[in-house]
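Each of the next two complexes has chain A plus one more chain, namely chain B in the first and chain C in the second.
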Partner chain A sequence: MTPRLNPAVVAVAVLVYLFLVGPLVIILGASLSDTTYLTFPPQGLSLRWFENIFEISAFRRTIVTSFQVAFLATMLALVIGVPAAYALSRYRVQLPPWLGTLFVLPIIVPEIVFGFALLKSVAAGAGAPIFVALLAGHTVLVLPYVVRVIGASLSSFDFSIEEAAVSLGSPPMKTFFTIVLPNVRAGVIAAFILAFITSLNDVSVSLFLTGPGISTLPIQILAHVEQFFDPTVASVSVLLMVLTVGFMAIVERTLGLTFLAK
Partner chain B sequence: MRRFAGWLLSAPATLAVIGILVVPVAVVLAATLTDPRGPWAPYAAFFNSGFRTTVLVRTLQISAITTVISLVFGFVAAYAVSRAPRRLRSLLIVAAVFPLLTGVVVRAFAWLVILGRNGILNGALVAAGVTDEPFALLYTQGAVIVGMVYLFVPLMILTLVGVLENIPEDLLQASASLGATPTATFWQVLMPMAVPGLIVGAVLVFTGSFTAYATPQLLGGERQTVLATLLQQRAMVSFDWVGASTIAAIMVAITISVVLVMSRTARRLNPVAAS
Partner chain C sequence: MTQPLDLQSVTARYGTTKVLEDLSLAVGAGELVSLLGASGCGKTTTLRLIAGFLAPTSGAIRLGGRDLTRLPAYRRNIGLVFQNYALFPHLSVRGNVGFGLKQRGVPTAERERRVRAMLDRVGLGEYADRLPAALSGGQRQRVALARALVIEPPLLMFDEPLSNLDAKLRVDMRVEIRQLQRSNGTTSVYVTHDQEEAFSISDRVAIMHAGRVMQFDRPETLYRRPANVFVARFVGFENIVPMRVTAREGASIQAEVAGIALALTEEAMGPVPDRFLLGARPEGLLATPVAATGIPATIGIRTYLGRAYQYRCDTPAGPLVANGPLSQPLDPGTQAWLVPVPDQCCVLSPERTP
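Then we have the complex of A and B:
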């Protein structure tokens, strides 16, 4: 049974949600405007600012870089994070408690400090090319999401199934890929998406690891906004929102979106 | 072999976090203590600078105000969501997850469109005849706070919905049927059970807004410099590495103290929920 809510509570909740959704609707409207300046409601309807994104070479380049970095960093984080999450649930008694804390450090340490620290070590003669540093930073940045989401999936996995396979003669690696991994598939998909989005949206780490030669989309957006006040950025924002909606639909189909609320 | 299986499997991730995060950050923190002018000289320089201490105080102030506003509105919204019918509740949770997954740059940009000199709000105010001259809404502390609240209210809602859903409605009705006024039920039944969630939410919002970069950069500009934007300027514009490292160290120290103090408070207030 649903309790009756105080009308004042409902009114405030409605206002909070209008506050949340309104600005995103405004971006959508502004992106469709036919004017050379940002305005809402849109004056005339046009997709020219969407075309304009791809006419600006800096946007083309940074979109490619951002997707490359997000994809590679997510894959790397999965490659090192899945075994770590497995070890944390399967061999918990062997491992010290600080190990779990270590894997949340990238969330606790302020991102901007992390980015600056990476820049400093690159400059201090680690000699790594900037793309490698960017990729390394993003891999560590998204690792906590991988370890946490896979760990949550594994916590409901019955390890006696795995033991049964091993005792029947299945080699450990084969057991992992044919028994364990398929059972946490939804977790892997959700982890991939969360990690990908986190990397794609990152500002604070990329800020220090971009230069004249290489930059990411959010950094390019920041640079563009400071010079131009045209609807291009609104259009880019809409494309990113469409991508987010697609990703949310996938998560909804695999784990259910309420999972993200936990 | 089996005894080390856990170590072996977690080794690559462990080494990555240590090598890429822990060591570089430790080097930055250590650099502030090994300054040729003396171990605490960079900190003395920071706190002797009127501008930098103003920035520190401003950052703390913006974070504190953002946290309080997010707590109040996030709590009310989360309460309504947690008591909504099932389908509506899922929809409202999705509506809070979506902005959270939309990047910070996009969300700050939205407020640039709204608050700008030729923005929507000024356009509406001029059209309504409230003012002839557009107000300078951008690059004020208020603009930064609005942008920050916008950034963090979804996080607060999602944190609190989980907690409030677990408080049975029966309990509140029992309190009411035993003669407690709604105010008494709120303060003596609902709040004590919600406090651990409120603390978690407050820590997330405070530390998040304390270290945010894109929102104060876009909506506050140089006039509302905060620690994160100052750190970036010192490092990338002035190449003052020691100054930037000192700001980094102060940010880490404050962030970690807040996390430690608040998690201890949460544990003391609710030993069951925190364990």
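Then we have the complex of A and C:
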């Protein structure tokens, strides 16, 4: 027996999908347009705006910078966040309750405020090089996602499993890597993807930390739109989507994207 | 292989709360000893101290002459069976059981052979490649048992290993655990809050309360000759009546409570001091409507136990619980007499009341 669908529910669902997919379709269409201005539906088909991305050196450089920063910041956040998340759930009873809240502050504080604070402290205050400041800013920006997501998968982790391993002769550090980590692998992958995308998309924090010679792709897109109205922006958006999806596909192939099923 | 375990005045204090106080316990080689008590009595803390997951504030833990007190948990070589099995979810049954051997650097071929032999022993030979999630509760507990036994530890410890299983399986498993433990002769510590479980499988039982061992004895002794009021109540002596001996003639004794004279005999109850507490299970006080040398009582609530009726009674010695035969149901409000059955009673010294 097939359940009867309420036509209103169907209509709402269709609308939601339309709003989700529609803009992407429009961007894709606009990126393929042969015109010198943004338009949809595309007039004539051409890949010239994709070529144009690579002719503008600022796009070439910022794509590389964005991916470098996103990858390194994510890895740093994992190195800091995984032990932090572990400690927060393992010693939840002993630790003060505000300690966990501390790690979500970068989400709670408006990003623009947070970016400005970083400018004052890391970039201007400590006089760090732009790339280092950017990396530091993004690491702190994505850290909450890592701590929260891994913390969530650790909350269902039974720590007596760890004790069982120790009682069988496995030293604590080794136990962490052979027993704890494999069991929160899904959470680590999810945290990785979430952190990576967050860093790649960020505008507010980067706005304060980028400087002469070094910028990120979203900042460059903004700068470009302010001056030109050609379909390059659409092409670079499509390219960004393709790169992100491709990157996630690699992560999925190598680590297994099981977290989506859980 | 099998070694005695010795806890020497172990005290554990966390912050200002004393969890264990001056606890001494000697478990003989090959013996199975249960730590029995309600939650918060310190039994699990004791187990975790022996395992090395907690450190004592003072005192020493020795296993076969080796001092474990300062040894990290992973070097203690103790087999542990957890309440929730604590199997490694990402490893197969074979991987779980072989884990301890791997840590000990046992070569693959020998490891495989020993894992296989152990799995056959617990009847899981054909489940070697399954993941824990694909096993039933009983099977998981067998894997946990195999995993702890395969490393041939000098000491095995069980932390409420059966409390997640259903009643029927629980009884089967405890017989199985006892059999494996007997045939291996491994010294074992078994933590439980279930009195029947503890009494049925243990050589000796330590009844714990508020971080102390109240009595450490064979189950038969605990059941019949509790050493103090706490243990007496714990093993079911629901009635505790203070009494005074008025006359002795050989083993026969006349005792008195609230002006009521009772005839008792030392033969069934052990030596009786002049002032004592009489402990009686409900089945140790026979409720009868016929005037007899017993405690006069007014019958209150009657409940049906299957093998007998049980009565809550009001007596000059206070409220008491007594049993009566099925052939003679007594109605609430009627007058009866409660006659002590000496071999269902115990004698407690008043000065040992905690």
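One rule holds for everything that comes next: the second predicted complex is superposed on the first by the 219 of 262 C-alpha atoms of A that agree within 3 Å, B and C clash if a C-alpha of one lies under 4 Å from a C-alpha of the other, contacts with A are read in each partner's own complex, and residues count from 1 in each chain.
Here is the rule we use: contacts are C-beta pairs under 8 Å (C-beta built on N, C-alpha and C of every residue); 3 or more make two chains touch, one makes a residue touch a chain.
Quick caveat, the model's predicted, so the values are computed rather than measured.
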Residues of chain A touched, compared between chain B and chain C (which is higher): B
Partner chain(s) touched by A:T139 [first = chain B, second = chain C, both, neither]: first
Partner chain in contact with A:F40 - chain B first, chain C second, else both or neither: first
Touching partner for A:G169 - first (chain B), second (chain C), both, neither: second
Touching partner for A:I179 - first (chain B), second (chain C), both, neither: second
Which of chain B and chain C A:F247 touches, first, second, both or neither: first
Which of chain B and chain C A:Q227 touches, first, second, both or neither: neither
For the chain B and chain A complex, residues of the former touching the latter: 3-10, 12-14, 16-18, 20-25, 27-28, 31, 73-74, 76-77, 79-81, 83-85, 90, 92-99, 101-107, 109-114, 116, 118-120, 123, 150, 153-154, 157-158, 161-162, 169, 172-173, 182, 207, 210-211, 213-214, 217-218, 228, 231-232, 235-236, 241, 244-245, 248, 251-252, 255-256, 259
For the chain C and chain A complex, residues of the former touching the latter: 51, 53, 72-80, 82-84, 86-90, 99-100, 103-104, 144, 147, 151
Complex interface listing, chain A residues touching chain C: 158, 160-161, 163-172, 175, 179, 182-183
Touching residues (chain side chain A, partner chain B) in the complex: 1-3, 5-6, 9-10, 12-13, 16-17, 19-21, 23-24, 26-27, 30, 37-40, 79-81, 83-84, 86-88, 90-92, 94-95, 99, 102-103, 105-106, 108-114, 116-121, 124, 136-137, 139-140, 143, 147, 197, 200-201, 203-204, 207-208, 218, 221-222, 225, 229, 233-234, 237, 240-241, 244-245, 247-248, 252, 257-258, 260-262
